[in-house]
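Have a look at the structure below before the remarks.
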Amino acid sequence: MIEPGQLVQLVSPKGKRYLRLLQDGEVLQTHDGLLSMDEVRQADFGATIKTHLGRPYRVVKPTIYDLIKGIKRKTQIIYPKEIGYILMKLGVGPGSRVVECGTGSGSLTMALAWYVGDTGKVYTYERRAEFSELCAKNLDQVALGHRVQRYIRDIEEGFEQTDADALFLDVRTPDMYVPQAAAVVKPGAPVGFLLPTTNQISNLLAEIETTGLLTDLEVVEILLRRYKPVSDRLRPEDRMVAHTGYLVFARNRGAASSEELAAPAIAAAEPEDTVLE
Amino acid sequence: MIEPGQLVQLVSPKGKRYLRLLQDGEVLQTHDGLLSMDEVRQADFGATIKTHLGRPYRVVKPTIYDLIKGIKRKTQIIYPKEIGYILMKLGVGPGSRVVECGTGSGSLTMALAWYVGDTGKVYTYERRAEFSELCAKNLDQVALGHRVQRYIRDIEEGFEQTDADALFLDVRTPDMYVPQAAAVVKPGAPVGFLLPTTNQISNLLAEIETTGLLTDLEVVEILLRRYKPVSDRLRPEDRMVAHTGYLVFARNRGAASSEELAAPAIAAAEPEDTVLE
Amino acid sequence: MIEPGQLVQLVSPKGKRYLRLLQDGEVLQTHDGLLSMDEVRQADFGATIKTHLGRPYRVVKPTIYDLIKGIKRKTQIIYPKEIGYILMKLGVGPGSRVVECGTGSGSLTMALAWYVGDTGKVYTYERRAEFSELCAKNLDQVALGHRVQRYIRDIEEGFEQTDADALFLDVRTPDMYVPQAAAVVKPGAPVGFLLPTTNQISNLLAEIETTGLLTDLEVVEILLRRYKPVSDRLRPEDRMVAHTGYLVFARNRGAASSEELAAPAIAAAEPEDTVLE
Amino acid sequence: MIEPGQLVQLVSPKGKRYLRLLQDGEVLQTHDGLLSMDEVRQADFGATIKTHLGRPYRVVKPTIYDLIKGIKRKTQIIYPKEIGYILMKLGVGPGSRVVECGTGSGSLTMALAWYVGDTGKVYTYERRAEFSELCAKNLDQVALGHRVQRYIRDIEEGFEQTDADALFLDVRTPDMYVPQAAAVVKPGAPVGFLLPTTNQISNLLAEIETTGLLTDLEVVEILLRRYKPVSDRLRPEDRMVAHTGYLVFARNRGAASSEELAAPAIAAAEPEDTVLE
C-alpha cells in the first residue's frame, strides 16, 4: 500500500508517463480510460493496475530524472546530463544552501531541491513572474516546494544571501554579474554558469580575468548519445541533441592576492595528471 | 575557524591539491614546504596560508567532485560525467538505500555515500578484498565510511538486501547476474550497469530479453569535452577522453505480465516526445 | 556563356537547389515561376537570372558535394563526411580502378566516378535491379555514367575484376564476403566497409582474423557537427546526425605469411606515433 | 616488377612505415637491417621482402592517406578527416585549378595535388620560405611537385590568379583577406577556411556579413573516433583527438545583389530538408 501524498509515476502500455501525488478519491483520465488512484494506493510500487477499459498501467516510484522529464516548460530547460555534472562540481548534497538564477521552468531548481534534502535550502531568482510561478507549480506537483525560496527580481543589485555553499547562473549576460556571483557564495565556494554561445563564454572569461574575483576555471560541454537497445543490431540512434549549452565552473577566489595565485587564474584550473572526466 | 574533523582541500600555487580531515597538531608535507594544519584551522575556508618556505596555499572546502578526484586508485574508476547521470537515473538522494557491485576503488561508492546523506545507506559488493579495503580507506579519508556497508563476496548467490531503492552493477559479466539484479531492488526500481564493450551490451540486452525481468531499457554514452579557458582564443582542448564505458539503465519489471507490457520490454523505454538528454 | 551539356546548379532565393545538364530550349519549372535555360546559358556561372515572375535564381557550378546532395534516393546513402575519408583511405584518385558493392542509390558511386576521372573506372555491383537503375539515372543526370560499369548480381560467386586498386563494400553481411573482397583487389591494396551495427563489426573482425586474408585494420566513426553561422551568437546546431555507420578499413594481405606478419593482423594497423586523424 | 620512379611503402613487422620513390641501387636502412630497393623492384606490390637480418617487410602501394601520414612537419597539419570533406565541399577533382594559403608543411597541398591530377594545378601561398620549402621537399618525395606552383608571399595584396575553381585559406586572420578570397575564385565558386578558435569564426563571419562578398555559409567541425579492432571486446579507443580546427565554407557571391539574395547571406546556406552530413 502506498501512503497518501507519495509521488507515483503511472506508465501506459505505450510508455506514456503520468506523475501524480497520491490523493484519496482521485481518478486519472488517460488515453486508455479512467484509472482509480485509490486502486493505485492499494497496489504498491511495481504493480500493474487496469483502467476501466482494461488497459494495464504500471505503478512506478519516479526518480529525479523522471520528475525533471515531467515538468511543464515555457523555457529551454537544463537537462539531466548537465544537471548531474553540475551537482558534482557545485558539491550540492544533503544540507547544502544553494543559490540559483534564473529559475526558468525550474528543472535545475527541482534537482537542487531533491538533492539538498530537508536540511538544505535552494534560493532561486527570476526576473519574470510568469516563469517563477511555473517553477512553483512544477515544484508543488512533486512536493518539493518547501525546500525552495523563490525571488522575482533582477540580480543587478545582488542576492539576499551572502554565505551560500554554491551558485548557479543561467542568465543571458552572466559577464554582467561576476561581482554579484562572487559576493553570494562563501570564500572559495563553487560557482557554475550555463551559456549557449561561444561569445558568452569569451565575454565571461574576459570579465573574470578583469575582476579577478573567481579562479579555478573549467569550461566543458557534455554530449549524450543514445543507442537502440537491440541485442543483435546494436547501434546509436540516428540523431542526437548536439548542443544544450556550455558549462563554465569557477571558485570564489577568497582571500588569495594576485601575487599569491602565482599561476594566473585561468591556468590554475586542472593540472593534467589529476584531470577527471 | 574550521572545526576539527572537517574536510579541507589545500591548493598549491601550481594547482596541486591535498585533501585532509582536519586534526589538531598535524603538519602537511608539501613540495613547497611544511604546512601547519593548526594554522589552517584558524584561517577558515577561502583563506590563504603560507608554508614554512612562504609559499601560499589556498584553503578550500572540497566538493564531491574534488573528493572523487582525490581517491587512490588500483582500478579503472567511474568518472563524474557518468556518476552525475547515474545518480539521476537511479533516483539516488537523501535517504536512499542503494546497492552497488563491484566496489573497485570506490569512486561511485563515495558519490553514493555523499548523496544518500546520513539517513541513507550504501551496500557495496566486491570479490577482491584488496579493492574493498582500498575503498574503505578512501571512504575513511573523507569521513564517509559510516554510510557504507562493504561485502567481500561474489554475487552469484545473490545480494543480502531485497528491497533496495536502486542497484548499480560494474562487473565484467553483468549478463550472468540479471536475476540477482532484479531480486535486490524493489518492484519497479531502477538498475544501472557500466559496460566497456559493445559485446557486453549485446549480451546483457539478450539476457534481459530472455529473462523478462527488467524493462524500460536505455543505453547511452556520455562524452565530455573541455575547452581552454582563454577569452580571446577559445577552443577545445586538443585531446579528450573518448571512452570510459557505456551505461545501461532499466527497471525491475515488477508485477507486469508479458501480456500487460503490450510493447516489448526493449521498445517501451523512451517515447520520442519525452526524451530528455 | 556556358556550354551545352555542362552541369549547372540553380539556387532559389530560399536556398532550394536544382541540378541540370544544360540543353538548348529547356525551361525549368520552379516554385517561383519558369526559368529559361537558354538565358542561363547566356549568363555564365555566378550570374543571377530571373524567373518569369521576377524571382532571382543564382547560377552556380555544382561541386561533387552538391551532386551527392541532389541524388534521388530509395536507400540510405553514404554521406560526404564518410565519402571524403573513404576516398583518402582507399587512395582513389585520377586513373584509379575501383570496385564497389552494393550500389544502392549511388552516392558513393557518383563520388568515385568524379574522382577517378576519365582515365579511371568504377565497377559497381548490386543485387536489386531497381537500385542499380536508380544509380544509372542519378549518374546520367550529372554526366558521369560513362565512367561506371554496373552489375546487377550477387557477389557470392565473386567479382569479375581481379586487379582492382581498391574495393568498398556496403552490404548487410560483409563477413560472408571476405574471400571475394581479398580476391578482387591487387595484393596489398585497400578495402573498405560501411557497417551500421556493432554486431556487424564484430562478425567482420572475427572473419578477417579467421581467414587471415586482410591486415592493417582500422575501425572508425566520423561525426560532423554544424554551427549556426551567426557572428555574435555562435553555437552548434541544436541537433545533429548521431550515426550513419561505422567504417572498417583493411588491406589485402598479399604474400605475407603468418609468421612474417610478426604482429597479429589486428595489431599491426596504427603505431601510436603515426596515427593521423 | 615495379617501375623505377614509382612510390612504394615498406611496412615493418611492427607496423613502422617507410615511403620511397623507387630508384635502382638504393639501400634502405631500417631498425631491422638493410633492405635492397632492387629486390623491392623485382618483387611487386603485396610482396614481402627480407632485410639482411631476415626481418620481413611488406611492399605496399601507398594511398594518399599514407602519403599525408608520411610528410615531415614543422607546423600543425590539416588531417585526412578534414581533407576529405574539404575536397568534396570545394569540388576539387581531376582538372581543377585550386588556390591555397598558407602552405604550412603541405599536407593539404599534397592532397590537392593528388586529386587535381595531371590536368589540374595547385597554387599555394606561404609567407615563410622555410615552410614553403618544406612543402616542396614533401611534394618531391612523392613525385607530386610538378602539379604545384608555390609562392612565398603575403596575400595582403591579393593572389596572382583570378579565375580559380576553388580556394582554401588556413591563415591566422582570415577575416583580413575576405576581398582577396572573393577575387581569386570564379563567380559562384567555393571558398574554404580552417580556423582553430571560435573567436576567429566570429570575426570571419562578421567580415563576410560586412563585405557581402561571400554567401552560402557553412560552419562545421569533424570528429573521428577510433575503435580497437577486437572482435569480442569491441570498444572505442580510450582517447581521441578532440579538436583540429573548425571549417567554414562559403561561395563567392557572384553577381547577385543584396536585394536578389532575398534571404540574408548567412541564412541561405542549408535548408533543413536537403542537409547532408
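We just call them A, B, C and D in the order they show up, numbering each chain from 1.
Everything that follows uses one rule, which is that contacts are C-beta pairs under 8 Å (C-beta built on N, C-alpha and C of every residue); 3 or more make two chains touch, one makes a residue touch a chain.
The structure presented is a predicted model; accordingly, all values stated were derived computationally and were not measured.
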Labels of chains that are neighbours to chain A and to chain D: B, C
Pair of chains joined by more contacts [C-beta pairs], B-D or B-C: B-D
Centre distance in Å when chain B and chain D are each reduced to the mean of their C-alpha atoms: 44
Averaged-CA centre spacing for the pair chain D and chain C, given as whole angstrom: 18
Numbers and ranges of chain B residues touching at least 2 other chains: 198-199, 201-202, 225-226, 232, 234, 241
Of chain B, residues touching chain D in the complex: 196-199, 225-226, 232-243
In the complex, chain C residues that touch chain B: 198-199, 201-202
Interface residues, chain B side, partner chain A - complex: 11, 13-17, 44-48, 56, 58-66, 68-69, 79-81, 83-91, 93-95, 111, 114-119, 165, 186-190, 198, 201-203, 205-206, 209, 216-232, 234, 241, 244, 246, 248, 251-252, 254-257, 260-263, 266-271, 274-277
